[in-house]
Amino acid sequence: MDATLRIFSGSAHPELARAICRHVGIPLGRSYTHRFSNENLKVKIEENVREKDVFVVQPSCSPVSEGILELLILIDALKSASARRITAVMPYFPYVRSDKKDEPRISITARLMADLIRTAGADRVLTMDLHSPQVQGFFRIPADQLSAVPIICDHLGKRDLSNAVVVAPDAGEAKDAARVAKRLNVSLAVIDKRRFGDDERPRAISLVGDVRGKHAILIDDEIATAGTMVEAVEFVRAQGATKVTVAAVHPVLSGQAPDRLRRAEVDEYVFTDSIPIPKEKMNERITVLSVAQLLAEAIMRIHDGRSVSALFA
Amino acid sequence: MDATLRIFSGSAHPELARAICRHVGIPLGRSYTHRFSNENLKVKIEENVREKDVFVVQPSCSPVSEGILELLILIDALKSASARRITAVMPYFPYVRSDKKDEPRISITARLMADLIRTAGADRVLTMDLHSPQVQGFFRIPADQLSAVPIICDHLGKRDLSNAVVVAPDAGEAKDAARVAKRLNVSLAVIDKRRFGDDERPRAISLVGDVRGKHAILIDDEIATAGTMVEAVEFVRAQGATKVTVAAVHPVLSGQAPDRLRRAEVDEYVFTDSIPIPKEKMNERITVLSVAQLLAEAIMRIHDGRSVSALFA
Amino acid sequence: MDATLRIFSGSAHPELARAICRHVGIPLGRSYTHRFSNENLKVKIEENVREKDVFVVQPSCSPVSEGILELLILIDALKSASARRITAVMPYFPYVRSDKKDEPRISITARLMADLIRTAGADRVLTMDLHSPQVQGFFRIPADQLSAVPIICDHLGKRDLSNAVVVAPDAGEAKDAARVAKRLNVSLAVIDKRRFGDDERPRAISLVGDVRGKHAILIDDEIATAGTMVEAVEFVRAQGATKVTVAAVHPVLSGQAPDRLRRAEVDEYVFTDSIPIPKEKMNERITVLSVAQLLAEAIMRIHDGRSVSALFA
Amino acid sequence: MDATLRIFSGSAHPELARAICRHVGIPLGRSYTHRFSNENLKVKIEENVREKDVFVVQPSCSPVSEGILELLILIDALKSASARRITAVMPYFPYVRSDKKDEPRISITARLMADLIRTAGADRVLTMDLHSPQVQGFFRIPADQLSAVPIICDHLGKRDLSNAVVVAPDAGEAKDAARVAKRLNVSLAVIDKRRFGDDERPRAISLVGDVRGKHAILIDDEIATAGTMVEAVEFVRAQGATKVTVAAVHPVLSGQAPDRLRRAEVDEYVFTDSIPIPKEKMNERITVLSVAQLLAEAIMRIHDGRSVSALFA
Amino acid sequence: MDATLRIFSGSAHPELARAICRHVGIPLGRSYTHRFSNENLKVKIEENVREKDVFVVQPSCSPVSEGILELLILIDALKSASARRITAVMPYFPYVRSDKKDEPRISITARLMADLIRTAGADRVLTMDLHSPQVQGFFRIPADQLSAVPIICDHLGKRDLSNAVVVAPDAGEAKDAARVAKRLNVSLAVIDKRRFGDDERPRAISLVGDVRGKHAILIDDEIATAGTMVEAVEFVRAQGATKVTVAAVHPVLSGQAPDRLRRAEVDEYVFTDSIPIPKEKMNERITVLSVAQLLAEAIMRIHDGRSVSALFA
Amino acid sequence: MDATLRIFSGSAHPELARAICRHVGIPLGRSYTHRFSNENLKVKIEENVREKDVFVVQPSCSPVSEGILELLILIDALKSASARRITAVMPYFPYVRSDKKDEPRISITARLMADLIRTAGADRVLTMDLHSPQVQGFFRIPADQLSAVPIICDHLGKRDLSNAVVVAPDAGEAKDAARVAKRLNVSLAVIDKRRFGDDERPRAISLVGDVRGKHAILIDDEIATAGTMVEAVEFVRAQGATKVTVAAVHPVLSGQAPDRLRRAEVDEYVFTDSIPIPKEKMNERITVLSVAQLLAEAIMRIHDGRSVSALFA
């Protein structure tokens, strides 16, 4: 790498930032964030960044609001320190599911986030597995989107898949699930849920495809409260699945998710480290795959002006 | 209506604009577009619009590029003529399916359209049944989205639906189809297509639900070449559907669509006038429902500051 | 008030918002903020705000980062709901002391806050007693600054001031303290502190003026950790002050402040409700003066287009 | 040329783009534009352009509206593909004569075009022989203007000019014609036209200077319908000119122009390839001079940071 | 006029502002400009302008730079005082002849002026007789352009014009002169000048039309140093003109102009008060026509939303 | 220095620009400013600046308004000449004390200046010793602030300081004076002034600290009319100071300042050349220290991307 590449980390996920730096072969940029007793944050960049090509690693994770503000302040500090270019590296993008106005008088907050990041001074965004592809259109600055799905498939491919079926936990995930099924060369099934009343939650009513006596691989982009996913697990078990794997790129694991995951009849959970999983949320069936090398490779390509889409082949 | 409301039309769909004006109870604003032999357009506003609240009706339809440019020039002329507020009324939004970057190095053109309309000077947008709801996040100016689906359902509801089933022509339409099924209080079926090779087109492989001996109502947001829709018709016929209705908000009807619609075993086509259907593309089985009253109501509410979402109830 | 004025509140200080509404004579606007288990916020405006003149009350207080994000999302939701004008009412402005670059490579975060609020869609800001007057220059949208100092002086003026002296706790506050002294028609003293080494905290070394046998009124714009203020109290006590009043507009009261206030030899604390004081931080010597009427008056004047500066006379 | 220079072409004039590339010594960038049956355009860049210095060649010519939209989409695709700098190379600028508001409530469309090109993401513009020099002030991005007049003069200079006179077809062209006359070292004449009624077209009424027995060289920046030019030809023939040459930079040749040119008593037409002339519009008396080398030289100078104005000397 | 209209004046031309106010029937807004000994200007608005529709009268005149800065500061003060709309009324626009890049590496300063006025906070511009009509395209805010030519023609029409001829002092003014000739129903003549060397000034060489024994009316948009105009006067006198009138909208009268005007054989000078003429520059043959009523009428129409172009009929 | 660095000067302070160039080791960029008799300025850049890193030296000094406009035009000319980056080098920033809204309806003109400079096209600002540090937050482009105080201290340090005391001429300068006292390792005194009536000027009433028999060093950021400073000199003399030095970074020296300086009982004045001092304002007790080397060093560091804050150590 040439001398102008710098990678900084906010407080969200320094382990990931350091892993990226190891792959790139440079030390992590020196900076610190101090949180005063009045909850105000002070960010200081502790090395010269003039004319440097700077990447800031900060996925959205708990504490969410403070993490977003820290990123904005960090970008502002880098800008006023005359960095040549600032790329916000956000493997999990904040408010990514708040991407439409499905009720009157609400905010399309993912769009607001894109605007705030640009206002703070970011020149580019590097993100991963957005919930809907249209979100890329929310950015007025160039935005690259990576996918960790190939990493997950490589991992699953090491298992015996002769009896496997990929299951979409609901129809909205069918398209993504089909892509995974094709990549793994296994069959596909879709859980078809339906809402019967305005305030009822959707209920699984039928399964397109067959899971009886099979290894069901349930796949989603993120797992937040795990409610939907655990219902799907119970449903495929009831339908006769003999082995269950749950895979997701972003382990948000909020609310009751850790407990639900511990209790569910799942043989393996496959997540990535796009978001850090605190020890108290872990269990021994969770496998965490790293996206650090993928991000490192993308950062080097962006820095050098080489094709990033070549990474998707 | 108070004295400051004005409605203008570009060349795309003056019939719709006039129908809207009749519902609002004001005459259509006077303007003309001249097309010189060098294909340049000259737009002139022929009445005073200073401090007026102006709405410009221009859905995207053939000639598409010229229609977009005419709208931009019209907005620019109104702005420089000191209109107080300009709302682009675009029942069918241009490039609405170009809403994501599913290949490297392409344009998210729906986003570009939103930016161009704002640059020309529009203050608001009023549109209808966007292909994906995220597109609303592409606008930096307030954008209202209406839906003609209730109008279509009201029409269908006048038929005998005791034996009907709503069919989504592919999984991507399942969510919208389910909403229609619920509104009509009939059952739902989904055609599950799958792509087997990179360059093959998707092929219908199975049907979730049952259409045998039933009246299949196929529904989509738009019909362009009609290829997908006609395949779906053939499939439900093969599966034993005894009656077929095809409904769509936006009758783009490009390429071979008119021929395909004439040849397909469909009992009724239900479209709206969000886009004009030229005579040569019509056939006697097509019913065109007007969205003029809905647009007129929305325009009056925007003008008066009354709730537009109340229209959705 | 005419029918287009609306006042909404975020989660920061609904009591103040309601008090303002009472003075204005309108009900508080209906909205809610839901905090999901993944810490994402959902803000919904529950009444029509089209073409309304909307004021959103949200001083910066704990939880600080979440309060800022909630305000930004609230403004975005109001904007997309077509509010005619949105004024952010922030009696205590976030990061107001982060107003200069006194170290290399830090953020002027108060400026960033001003930019973020504008990006979210605010048209105006109404704030109160900024730490430095230059901060008003950070806004690209019109910003009105009120002062609660006259309210504090009116309260102090009800006491016997025949023996009183206003004391600036450090030289930086001398100008403001002098203004108070003049308004109360009493004498002034300034504590002159000096830093002897780079990492030492400033130490009080001398007192300009005389406090012996007097009622010392210490005044500052905000009290955060109360460290500086309590040192000043001890110093004037050591210099022979027989009675001590501490007055400040903004009771941030972070960290050890509540304990320090309880222990300090102060006869009365005079604060305003620009920031809410939670019960556990209160003590019986604290008097809280309300700024609700002042804010209500300013809001009505802004809404009506009457002079706000006339309030300062 | 260093490795970062890339030249792309829209559909308007690939021959010119290829000729420029030959002069520069690089291959034409790979991209394609697909026109769907719904008239929507899909532009795809088929090679990596990250951090490249990209030039896009697209003069305004038939189909005019589609050519403009294609350029905007092409620029947007290049921007989102992370090109370092994008220069729109538009030898003939769209709507260049729509540069003033000579009637109420019309658009200054050349200005709108400049704004749209910037919104799409262009960083610079390279254009040629604008109708009025003020148009350069419409751009908020740097814009270089070249002139093909020296190329035309070089060509004319190869003829015997001992008996030649440069004729301005109307007073508005007198300044430019005088410059040509001086460069060719021949005398000047001006046709003085006058409008007698509001709806009458201007009529030639007198000739300043003398053409009898001479070789009249009529010169203009563009020839659209050729109406004005052919009238001027008839007038100078009537005044006794024995030989007539017509020269213009931009051969728009719209409407009846091809027929008029075939019928007019002109010995030679001298045009450039700033706009392509389709075969059916050609005739054997037309000489087309190429501006490819001039554009290539300007592109290399812009890329290298060498003076472009030095080309004008 | 309704209660929200306000007219303010900078230091440039308070007489004109007061005359406009008399026609509108409102008092001049109260403000002052103080010039400190360090040449810094302090502008203070001395009355409430919240939600007012404010017009600021400031043509460009000596001291030019200070007048521009005063206008920018005045607009900024009005904006921060929450004026609802600010219109810069600039009968003579600064740097209006610096409208093109006719040499490399110069500024199109008229465009810069338009940008600065917008940055300061102006929402509209009202100007008069721009040197080239394209300058209107430099504004990104709505700009109305008036013309004082009808006022000048009305004045000239009171003289005996039976023997008059309108003379354009050079070819560039021919178009405007022709319009005047038509309006006065008299004949036209054009002075045809030609430059023989690069550093020589243009020299009059011939006259298109006839002035012998006639009353020559020379007309231009502005008179700066009067060099060109006085040369033209001498030329028409030499050609036999028996009476000479010189008319121009903008009496810049810089450098030697006052002397030249005193010495020239001109019977009457007709100017407007778009720019003030200081006493020492006046002479008894100058007639000053007021544009105050025209500006007042335009201001009232802009304020009321009535057509301004109707004024041109 | 590499080949892309260029330094230009406006008319304000060419001596400083040339001195900077000598330190950098490059010739001053060639440009000229012509002032026409109508007071319009024409700026022309006389060498190629494409892709160059350009610095423009122009402190604010008499004629102030013209100097500001010249800078704006110069920046615009450089931008349109395709300079890669333009840094406005303004050792004394215009209107730097107009940094707050301490009266209703005035302009925060320092903020306006920052906006105008950015609108003209500047990418960065390099300035020195701003009156209040918050002004740095007025810039939306990166702004570096240098300080000449170390240069002044180095000079003072060459004198015998055994008996010296640094005196702040009023409380507002106490903080800066304390920093100087610490750097020189001498004691501090503060003049405490107080305003007794609204229209009275502040009057010195007491002195914190002791000057009797000492060498009083009075320090301020700028000296404009010198009124405050001369009063302070008289006061310390009255208090028994035996020697007086006055130091200030910016010698504005407006109005009666030159006379006052000549008459005051001051042993030495220490200023910098951030602003030129015309001969008629000089006296033999004034020492002018050059900031050219400091500015040159900062320019080279900005150009090379090395730390500028390292200069402050």
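For clarity, chains are labelled A, B, C, D, E and F in written order, and residue numbers in each chain start from 1.
By definition in this document, a residue touches a chain if its C-beta (ideal position, glycine included) is under 8 Å from a C-beta of that chain, and two chains touch if they have at least 3 such contacts.
This structure is a prediction, so every number in the text was calculated from the model and none was measured.
**Student:** With contacts defined as at the top, give the pair, A-B or D-F, that has more of them.
**Tutor:** A-B
**Student:** Need the most distant chain from chain F, centre defined as the mean of C-alpha atoms.
**Tutor:** Between chain F and the rest, the longest centre separation is with B.
**Student:** I'd like the Å distance between the centres of chain B and chain D, where a centre is the mean of that chain's Cα atoms.
**Tutor:** Averaging C-alpha atoms per chain gives centres 39 Å apart.
**Student:** For chain A and chain F, let me know how many angstrom lie between their CA-based centres, rounded off.
**Tutor:** 51
**Student:** Please compute the C-alpha centroid of chain A, do the same for chain E, then give the distance between them in whole Å.
**Tutor:** Each chain reduced to its C-alpha mean, chain A and chain E end up 63 Å apart.
**Student:** What parts of chain B, by residue number, touch at least two of the other chains?
**Tutor:** Expected reply: 80-81, 101, 104-105, 108, 307-308.
**Student:** Tell me the shape of the graph of touching chains, choosing from line, ring, star, complete and other.
**Tutor:** other
**Student:** For each chain, which other chains does it touch, given as pairs?
**Tutor:** Touching chain pairs, listed by label, come out as A-B, A-C, A-D, A-F, B-C, B-D, B-E, C-E, C-F, D-E, D-F, E-F.
**Student:** Under the touch definition given earlier, write down the residues of chain D that touch chain B in their complex.
**Tutor:** 36-46, 49, 62-66, 68-69, 72-74, 76-78, 80-81, 94-95, 98, 101, 103-109, 112, 115-116, 119-120, 224-225, 252, 254-256
**Student:** With touch defined as at the start, can you tell me which chain C residues reach chain F in the complex?
**Tutor:** Checking each residue of chain C against chain F gives 99-102, 104-105, 108, 110-111, 132-138, 145, 171-172, 174-175, 178, 182, 188, 190, 192, 194-195, 206, 208, 307-309, 312.
**Student:** What residues of chain D sit close enough to touch chain F in their complex?
**Tutor:** The touching residues are 124, 142-144, 301-302, 304-308, 310.
**Student:** Sort out for me which residues of chain B touch chain E in the complex.
**Tutor:** Residues 4, 48, 50-52, 79-82, 84 of chain B touch chain E in their complex.
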